[in-house]
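Dropping the structure in here first, questions after.
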Amino acid sequence: MVKLVYFAWVRERIGKSEEEIVLPDSVTTIDDLLDHLKQRGEEYRNALEHSDVIRVALDHRHSQHDAAIGGASEIALFPPMTGG
Amino acid sequence: MVKLVYFAWVRERIGKSEEEIVLPDSVTTIDDLLDHLKQRGEEYRNALEHSDVIRVALDHRHSQHDAAIGGASEIALFPPMTGG
Amino acid sequence: MKPTIRVQSEDFDIAAEIQALTAGNPDVGAVVTFTGVCRDEAGRLAALELEHYPGMAEQEISRIATRADGRWPLTGLAAIHRFGRIRPGENIVLVVAASKHRQAAFEAASFMMDFMKSRAPFWKKEIFLDGTDGGWVDARSTDEDALDRWSQK
Amino acid sequence: MKPTIRVQSEDFDIAAEIQALTAGNPDVGAVVTFTGVCRDEAGRLAALELEHYPGMAEQEISRIATRADGRWPLTGLAAIHRFGRIRPGENIVLVVAASKHRQAAFEAASFMMDFMKSRAPFWKKEIFLDGTDGGWVDARSTDEDALDRWSQK
């Protein structure tokens, strides 16, 4: 089980702010995860359509899409940040 | 008659903060003025010895040593500034 | 030097933050503050709604602060970022950098802001005057570009 | 935009100056302040005695402010420089720059300070703890060099 959290328009499009899912063994990188999520339904495909702009944090740390998920317990997906 | 004003160690070495003097006709530039003042006594020579570091303002405006004094009514001599 | 990092909904007091960072430290010669303020976008905007990622927001700002502290000789550093509904004229973010010399304080504050803009997990949504949702503010490529100047040195 | 320029012996209130510069202006998105503070120079210093050239000090700071205003899109600019006896921990100088965007505010404040350091007619004398005259502070060549970066752009 891994906890997924969503923010801003990723959250709005998926329609929930967090969920827990079981990852198949074939999902080892963030890219794998994004592909996997897109198969979960229209709302995911809509949210993650332009997956290159989606930012991902593994256990509160920014991570590249080719990074291994490893033992991360919380994975966050969100758009480019607009703080400050 | 022109009013001369002195600041910081220029003031301390000359021993006064201001004075009015009559400039000879031969004094037309700031360089001329510095040379003229050095002939007024030991305290002026001491203050203006390294004349290249002396900064000069004509009527409240920074001026280069080769600038013409023109009709300036107040000429200030001082060391490099250390504000801020 | 332990940076002061806070993520909060309430406003901050700039004078109090400067005081907390400098009081009793006789080596402080320069204090630079940056305050980000909500604009009204030519009168269109009723408010910004700032969403953030609790937990990561504090951690990411701390990581940015640690980098700043390692890069410049700072005597103090504070970063406060608000979340929730913020109206035009209200403060959004504060950075205070204190150092012996002015250049370090200026650069550290500017560095903090550049990285907080594009790396701290906050997202702005515009709320228009008629109450309608104005949508999420797009990230600006100039903000991303601003990070480059810190790696070229 | 009319800059606020003051040369005074009394201290200033940073929060009040920010407020005066930004209140009622919905275009302000970024406010940068610089405060120069008297250091104790490793415990040697009792005070600085700041001499200035009355009249020219205000005029020269105004000229620097006019250049900054012409160079960056500022919504507000204030510069306050103190004179007289200033003890360690006390404020010496304040610059506040407000703009729509952060880069303009940062650069204008930094520009103001660089030029005020080397062009505004102020001179610092150190007074040591035992009451003796510590002499005039020498101008630093790095301060003069700092001006160059503004002409190379």
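Each chain carries a letter (A, B, C and D) given by its place in the written order, and its residues are counted from 1.
To be clear about the criterion, contacts are C-beta pairs under 8 Å (C-beta built on N, C-alpha and C of every residue); 3 or more make two chains touch, one makes a residue touch a chain.
All of these numbers come straight from a predicted model, not from anything done at the bench.
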Joint neighbours of chain D and chain B, given as chain labels: none
Distance from chain C to chain B - Cα centre to Cα centre, in angstrom: 48
Chain centre separation (chain C, chain D; CA means) in Å: 23
Approximate Å spacing (C-alpha centroids) for the pair chain A, chain B: 72
Contacts with two or more other chains, residues of chain A listed in rising order: 84
Residues of chain C engaged with two or more neighbouring chains: 36, 102, 113
Touching chain combinations (by label order): A-C, B-D, C-D
Chain C to chain A touching residues, read off their complex: 36, 50-53, 55-56, 59-60, 81, 92-93, 113, 116-125, 136-139, 144
Of all residues in chain C, those that touch chain D in their complex: 13-15, 18, 22-23, 26-40, 43, 88-89, 100, 102-103, 105-106, 109-110, 113, 146
In the complex with chain C, residue positions of chain A that touch it: 5, 7-9, 57, 60-62, 76, 78-84
